[in-house]
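Shared chain: subunit A. Partners: subunit B in the first complex, subunit C in the second.
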Partner chain A sequence: MLMTAPPPISATGIVKRFGAATVLDDVSLTVARGEVVCVIGPSGSGKSTLLRCLSWLAPPDAGRIELAGERLGLVDGGERLRSAAEIRRQRSRIGMVFQGLNLWPHLTAAGNVMEGLVTVRRMPKAKARELALAHLDRVGLLAKADAYPARLSGGQQQRVAIARALAMEPEILFFDEPTSALDPELVGEVLDVMGALARQHTTMVVVTHEMSFAAEAADRILFMDEGRVVEEATPASFFGNPREERSRRFLDRTLSRYRLLVRSP
Partner chain B sequence: MDWTVLLPHIPRLMDGLLITLWVTVLGTLASVAGALLLAGAAASPFGPVRGIVRVYTEIILGLPILVLLYLIYFVAPDLGLRLDEISAGVLTLTLYYSPYMAEAIRGAVGSIPPGQIDAARMVGMPGLSIARRIVAPQVLGLVIPPLTGLMIGLAKDTAILSVISVQEFAYRTKQVVSRTYAPFEVWTFVAVVYWMLLSAFETLMRGAEGRALRFRESR
Partner chain C sequence: MVEFFFVLIPEHFPFLLEGALITLQLSILSMAAAVVIGLGVALIRLAKVPILSKLCAAYVEVWRDVPLIVQLLVIFFTLPNIGIRLPGFWAGVLGLSLNIGAYLSEVFRAAISSIDTGQRDAGLSIGMSRFTVYRRVILPQAMRIALPTLGGYFISLLKDSSLVSFIAVNELLRNGTIIIANTFRSMEVYFMVAIIYFIMSFAAARLVGWVEMKLTPAYLRPAAFDLRRRLRLA
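Now for the complex of A and B:
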């Protein structure tokens, strides 16, 4: 019997409210294995909240999320919450890289990558370190394995954070504006690592303001505004010929400075 | 000035110093334990528990330690709580210092960026592991400076226990002064001993802080 593997993540009808404000209003998203989805949109459009819902850090108020075919957060059938241990197990299958620099400062780069392997996966330390070094090598930071985060640049810290997420061998990687807290000259090295992951067909959802990254790396663009998905398209069609008026306005605003640079002789 | 008058009384003074050290150690341990309890209760999901902590903290902040000591030693027996001097003294120090120490702990815990906790949750760490492996090691270094100040305050305040006849260092000093009629020599000597011990303690703690926060050094 041939069966198609379920998608790493599939969400339907996600609603999230904070008090009276509806931050996510009926958002659906399915990401196929090996697919790179970039979520773009103005600030406050619900992009980050979407990732927090999809990772159960901020459980949605309504909707259904499946992580590799398994109902996330709730027991399927009823609406009963899964046990804390179950949710932790599910969450550890999702890798997340945050906007802020969130490395644990009292652990070295290798220590940061090993922590989940040792405390959650119960891996022996030597094996965890070996794996951590391999993942640090992947983001080009093998030489910094024993450095504390205070000695790393912001870009290096985000690359360690990527290695930390990769080490857990997640079904899917979430990036929540991973470069927006960085000095401009450090953005490139992080995007390079993410681009390499995209080319290796790592399943990723990337919330970003880096339009050129989205245009190059994404298989699909999700444009969000005011808590809703306004447009979903390939990068070529989205950036070349956006269907929706709101998409067009957003692109005009964000890309105008690039256009100025490009058009001037 | 004749420092030799001190010599026959050194053993008596040292007995007092031992009591001071003993009360300080007991008071510190009990205060830190009480502070952990209070800091935990202040983070409780139950409103009434947080309310009790807040009211208690407010009361203590508004009381001189001497008044608290009198309440416990002279008033509490009328309410059925009869304690010997040392217990009453340690209890006073504990009740008085634990809310301040709890504030220090709360401040340190609160200074850990929430993103670090989210990151730990995302690798699937349970709350206890997060507290033990992510929060505690950082908090330890961060609470040392404010806690050191409070511990030194507590150590100095043990002298107040002399008013309920705890035979600690200051109490013995007054005794020795009344026997030698040499207040200058005796009090100077005692002041230097207090100062040396507390300075040594502060230096020690500064070293401990440096070691605990070594990871922060950027070069």
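Now for the complex of A and C:
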């Protein structure tokens, strides 16, 4: 027991309100090292908000988050906020890939990947570029290193965004519907990169509407509705034999729309 | 005609050029100060700094609602009463930069707001500070967006600075009126003044256009540029 490293992310009792609306209501989630958790659920169920809480972009109103055993955002013991520098250090250990295409348009692909290494890690430019190229290679975009985002397809942009997150060598990677802004023919290349990361046991939390990806890549499915975790299960049991009525209805709607065939266990 | 070219111009042009030099200095200094004021006000208002941003909003409102000439006169005649003795030139710089600064703050605010918040989130999520996000992500893009408008304001400023002649600064227009007071050659002298303003504005417009093109990075350049390069026309 003593030798076991603490989980990259462990959250308990997360509550997040926007005005009168409770968007996250007592959500708990622990992700083990190397585990891939897919979060699915209808629009507005709080999936994005959960990721934003877990990365302290939107600090939760209640609950406790631990990043590799270290209290996130707050000084342990009290409810005092950590210093801005501490929060930055913690955030840099959490990688995030967003739904929108939000590479920095004034920097090249390599520039986007280098930026955090140079400004946050204070790495010399040459070293940062070398690392950036290695990460671009990992997502299959070494040839596009000097292209500006406007010259890249949406799928390529998301792959650069993945490289940008990976370059910081985070404890854990969060994906918020990274393919939902893409043209259908570009979805595959991004999911391929994510699938490869999953097989390399990168710790990931993936919010997605891509049920076949969730079925294949996830170790665990988290189904959310109205700010709560409704069901937590392995992909086989969730897709094959959902326990909850709400999960079943959601799957019926979604799977019939995407006309997906999922094998029963 | 002969007299205009061979007597009036040689006699009065140097004095007018001296004025034009003051006009240029006035405009460049005021513009530089206005950029600082405008950016500062925009950042304070966007950050919603408690009391300060309200004050800034009031400043922008007031300064945009009073004619520039009235602002200049108020500044020139009020400052001495509260014990501040500014030479006309610096009162002019103060008046012009406060005026243009109010407008520029709105230009910067719009330019900064046009940058998608996802870009800020991406920066914060890799551990950048808010300051770094501004310095490395938001401002480089916002400045390029604001640049054409800034150029336009500078060219207006070159011309509007003529209002400073009312507070006894010997810039181009005032030097013209001084010559006229002594020679009564209104038409010819105003004509020369007009030509000098035209030349300065025209040159400034070309310069602004050139700077804009130089600073517009590949990612923002319209396809026409690419087309030209591809056709090897440029």
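Going forward, the second predicted complex is superposed on the first by the 254 of 265 C-alpha atoms of A that agree within 3 Å, B and C clash if a C-alpha of one lies under 4 Å from a C-alpha of the other, contacts with A are read in each partner's own complex, and residues count from 1 in each chain.
To be clear about the criterion, contacts are C-beta pairs under 8 Å (C-beta built on N, C-alpha and C of every residue); 3 or more make two chains touch, one makes a residue touch a chain.
Bear in mind that the values here come from a model prediction, so they are computed numbers and not experimental data.
Once the two complexes are overlaid through subunit A, subunit B and subunit C clash, as defined at the top of the document. In the superposed model, A:243 lies in contact with neither subunit B nor subunit C.
When the two structures are aligned on the shared chain, A:253 is found in touch with neither subunit B nor subunit C. In the superposed pair of complexes, A:98 makes contact with subunit B and with subunit C alike.
Look at A:115: by the touch rule set out above, it reaches both subunit B and subunit C.
By the touch criterion defined above, A:168 lies against subunit B and subunit C together after alignment on the C-alpha atoms of chain A. Residues 55, 57, 84-85, 88-89, 91-92, 94-96, 98, 100, 102-106, 115-116, 119-120, 148-151, 161, 164-165, 168 of subunit A contact both subunit B in one complex and subunit C in the other.
Considering their complex, residues 55, 57, 84-85, 88-89, 91-92, 94-96, 98, 100-107, 115-116, 119-120, 148-151, 161, 164-165, 168 of subunit A touch subunit B. Contacts from subunit A toward subunit C in the complex involve residues 55, 57, 84-85, 88-89, 91-96, 98, 100, 102-106, 115-116, 119-120, 148-151, 161, 164-165, 168. If you check the complex, the residues on subunit B that touch subunit A are 113, 115-116, 118-126, 129, 133-134, 137-138, 215-219. Here subunit C touches subunit A in the complex through residues 116, 118-119, 121-129, 132, 136-137, 140-141, 144, 217-220, going by the rule given at the top.
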